[in-house]
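Consider the two complexes below, in which subunit A is the common component and subunit B and subunit C are the respective partners.
And then the complex of A and B:
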């Protein structure tokens, strides 16, 4: 009886030792990728020009101000244009994500998985990369992506907070994410994102352009399916200190009302 | 030109030209400087060197006074069935009622922000009195002064909008501060690390009289988060009303956001000297199904006093943003009361037919008993068992 217990314990330990190095290596790689585009030691601010293209309905443009304090898990997104949305904003503090509507002067709780303004962008896209905590690598291969030699990592969610159940990411030789495919649990492609260009600011990498292509939304144009797309162009990137007051509900009320 | 390419190209075509990060790598061998500890190449041009950044001072200040306003007008009709009782069909005119509806509102706002540390705002509003089709006298709905202390503590003094609470479908019972929204209020927001503390003091309009001060109310709200768990605690006291206190906790399980909010009303019976605690507990869950653009809210509310009977109510609201048959956006709401097995079901559809003009249609249906009769916001004095509401909305704003 005791022998069987020892055999079982040994089996469990052996399994743990086999799995642990793989998990640890996965965490290390994803952690390095996260660090390339997370700014733990400084505040970040920028202006985001968001252009949304909906087939058969044309394009719309919005300008946002983005303020991030990654070390405290905080960000604030504020609408600057168009005038009809000016003052509306999103504030994230830890696990709390509020959206402020200046028309009703009320903060509503929203989710990181929610679509940002019903677009291809998710609220989670404004957060620092957190792949190491949310995913594990289940497969990897090399692939040439245009001018880049990339490593393609297939990821599987390991927490409920992960914005998508499965992801495939293309990482270049600088460990910068170049392309992402987001999938549902059943393997349906939901969205493709591309970061064709980065800019370097104070020795850190900041995306210059991000393209989001919705695999589910679109329309037939001249007999073929055209996807809804959203392009973010990042300007005025800065790592100057952002005042504490910016990351408060009061700031949104002040700017929005 | 760049943007056009972003829309027209296939995804992989976007990577045909390398960006500066690759160019910098290729030049690395000729650079005398070595990458730093984090692997960054110091030879890369500093993008912030031009000093162009988002100016917070500019966001919070204005060159001069700003005037803005908005206007909305709604018109349509309601066909309502006043009762399910079949014997009343003898007089169908008493059962089936047709009413035109119209509503309109206009606001005019004035604000001046001379500094990022202080500013002033005011708002006048008027509504259409549908009975005589005249606009009411404009009322001051907002009049407040903002100031910031020590770069972090923000305060707002005056008549101001304020709302707490997490309820989505079955009313917002957690909004225990609602009384302050129509009062003279001082509100301060203080960041405490990862937490935020809001302090509120409010009084009636007759603030300077002794009676006004005696009727002053006080409240606070503290919100913070621990990993996946967000919590908030608040309380409001205004004599002689009971102390109202609320607590919520929110987390995520299997992609579903779960929030539980409990409000406790503590009151003292002055005759008997007994304390009683009224409890309202609201459990809210939120789930999004991306392929359909479905936003689903499910709530369960329990109201009662400890030691007495409790009332139970459930609500469901579903919004389909991704499925639009014939261009109509769909929404459904179901509210069911368990104690009397009665409730309401409201399917609704909306569609933009012209720029700034939307068409709404709803089919509210009640079931169970007369207490579940629907009260339309357009016909508040008239209860009905079922109705068809068709309205067109037009709205505009200026700055």
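And then the complex of A and C:
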């Protein structure tokens, strides 16, 4: 009897030792990927040119000012153009995300999972990468993606805060994400994102262009399905300090007025 | 009694004089009947649609604090339900997804849905049978991949029966999940209650990532909605014998307030349709006020018309009145004579008006294409307006129109009775 208990304990311990390195290795890789595009030691600011293409309806363009303070989990997105949206903004402080409308001078609570201005972008896309905390790797394989030798990591959400239940990410030799596929829990492709180019600023990697392609929204054009897509072009990146006041509701109100 | 027969004789002899008055009153009754028939039909149509949306005349929900409704102790709930409701009532079990991220996609188009209703096709057949799903629709062919969508959703998605659509919703873990379905039927419904779509219950639960046999609400469709208040009380009492049950609420806000309060465990609520429809109640009240005003206008026309015409008739028949007064008709009887004539006039006009009104509704209502009216899906059943005029309303119209006629004739009748016989004979 005692022998059987020892055998069982040994088996459980052996299994834990086998799984432990895999889990910690998985966390380590995802942590490294996160660190490549997160800026914990400095504030980040840039101008985002957002081009949205909706088949049969045309193209629209917006210019945003982005301010990020990753170490405090804060960001502020401010509309600069078009004129009709100037002053509108998104402010994230910790788990709270507000959208400010200067026309009504009101803040409304929104969610990181919500679509940004009903586009292909989610509000969560403006946040620093947090893959290590939100996902676990369930499969790995190598794949050549254009000019890059990439490793494809299949991820599964381990917290409710993960924006999608399943994701597949293509990571190059520098552990920079080149492509992401977001899936529903049932395995349906919801969105594909690609980061074809990064720019090096002060020794850090900043995406130059990000393309988001919606797998569900689009239209038939000349007999074939064309997806709705959004392209973000990042210009004027900077790691200079951003004043504390920028990450406040008062700042949005003042700028909006 | 004698004056009654005299009055009948004078009425039949003077029927030519009353012809125009009878025609006007009948037309007024036709209009009142038509308005009531159509407005009752609209209200009945709206209620029928609301019943489908809100899971019946009575809905049973089971809440834990800050959680969505789940029917836990299903056996106890069923025992209480069976004890409380008529045998011919229909009981359905639904799982429901209610959230801002419920969407349907087709060919790149997207339409938000207010509710995804997970149903048991076999049990729900009797409930949905009233809906027009098209000529080729077959209830027995519905399966786990079938979805029934509203006509407005179908129009926005440009989807047809047989097309594949993607259901997208947020699971309890707040993640998006999707499922592929085939449109098996399209039903007429406006967006008044919000768009809804019917799916197989276990498939919906699977997408919501909840146990496949879970139900969120039990709905009771009564054969006659009139006694729902009594049955709700009975059901609430029977449920409370074995389960924790909230008292009956009078409004949705009262219910929401109670749910926000301080309590433990799972508590059940019996929700009558009227409580679910508290937003609609205001609309119904407004509609009733408008109908009431229209009826009052018609009645005012009848009263004024009768009063004026009767004044003329009194002048025309002044010698006749004088003769009758000279041979012994008292003033009191003279008033009765005219009032009885007016009763005959009122009854005859109402009878003609009711018959013509019902005929007009029977022939006219199916002939009119109400679908041309915006949001008509809200009240049309099988693309027609199911007009309704109950015997209660007909009796009331008889009383009100005849009463109005008497009221209109009262002043001229009293004036006629005051005329001195000698004076009348000299005219």
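Just so we're on the same page, the second predicted complex is superposed on the first by the 242 of 257 C-alpha atoms of A that agree within 3 Å, B and C clash if a C-alpha of one lies under 4 Å from a C-alpha of the other, contacts with A are read in each partner's own complex, and residues count from 1 in each chain.
We take it that contacts are C-beta pairs under 8 Å (C-beta built on N, C-alpha and C of every residue); 3 or more make two chains touch, one makes a residue touch a chain.
All figures in this text were calculated on a predicted structure; none of them were measured in a lab.
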Exercise. Since both structures carry subunit A, what do subunit B and subunit C do when superposed there: clash or fit?
Worked result: clash
For this session: Go through the superposed model and pick first if A:72 touches only subunit B, second if only subunit C, both, or neither.
Result: first
For this session: Mind working out whether A:190 is in touch with subunit B, subunit C, both or neither, as first, second, both or neither?
Result: both
Exercise. Should A:154 be classified as contacting the first partner (subunit B), the second (subunit C), both, or neither?
Worked result: neither
For this session: Identify the partner contact of A:228: answer first if only subunit B is touched, second if only subunit C is, both if each is, neither if none is.
Result: second
For this session: Please work out whether A:238 is in contact with subunit B alone, subunit C alone, both, or neither, and reply first, second, both or neither.
Result: first
Exercise. In the superposed arrangement, does A:60 touch subunit B (first), subunit C (second), both or neither?
Worked result: neither
Exercise. If you count the residues of subunit A that each partner touches, which comes out higher, subunit B or subunit C?
Worked result: B
Problem set entry | Touched partner set for A:219, first subunit B, second subunit C, both or neither | second
For this session: Mind checking 93-101, 129-137, 165-173 or 183-191? I need the stretch of subunit B that runs into subunit C in the superposition.
Result: 93-101
For this session: Residue by residue on subunit A, keep only those touching subunit B in one complex and subunit C in the other, then list them.
Result: 113, 160, 184, 188, 190, 216-217
For this session: Note which residues of subunit A are touching subunit C in the complex, please.
Result: 55, 113, 157, 160, 162, 164-165, 184-186, 188, 190, 216-220, 225-228
For this session: Using the touch rule from the top, collect the residues of subunit B that touch subunit A in their complex.
Result: 2-3, 6-7, 11-22, 24-25, 36, 38-42, 44-48, 52-54, 56, 59-60, 111, 119, 121, 142, 146, 148, 151-156, 160-163, 166, 189, 191, 193-194, 196, 198, 223-230, 250-255, 257, 259, 286, 288, 290-291, 293, 295, 321-322, 397, 399
For this session: Show which residues of subunit C lie in contact with subunit A when the two form their complex.
Result: 105, 107-110, 166, 168, 170-171, 173-180, 207, 209
Problem set entry | Residue numbers on subunit A that touch subunit B, as the complex places them | 35, 45-47, 51, 53, 59, 65-67, 72-73, 78, 80, 83-84, 86, 93-96, 104-107, 109, 111, 113-115, 118, 145-148, 160-161, 172-176, 178-179, 184, 188, 190, 192, 194, 196-206, 208-209, 211, 213, 216-217, 229, 231, 233, 235-240, 242-251, 253-255, 257
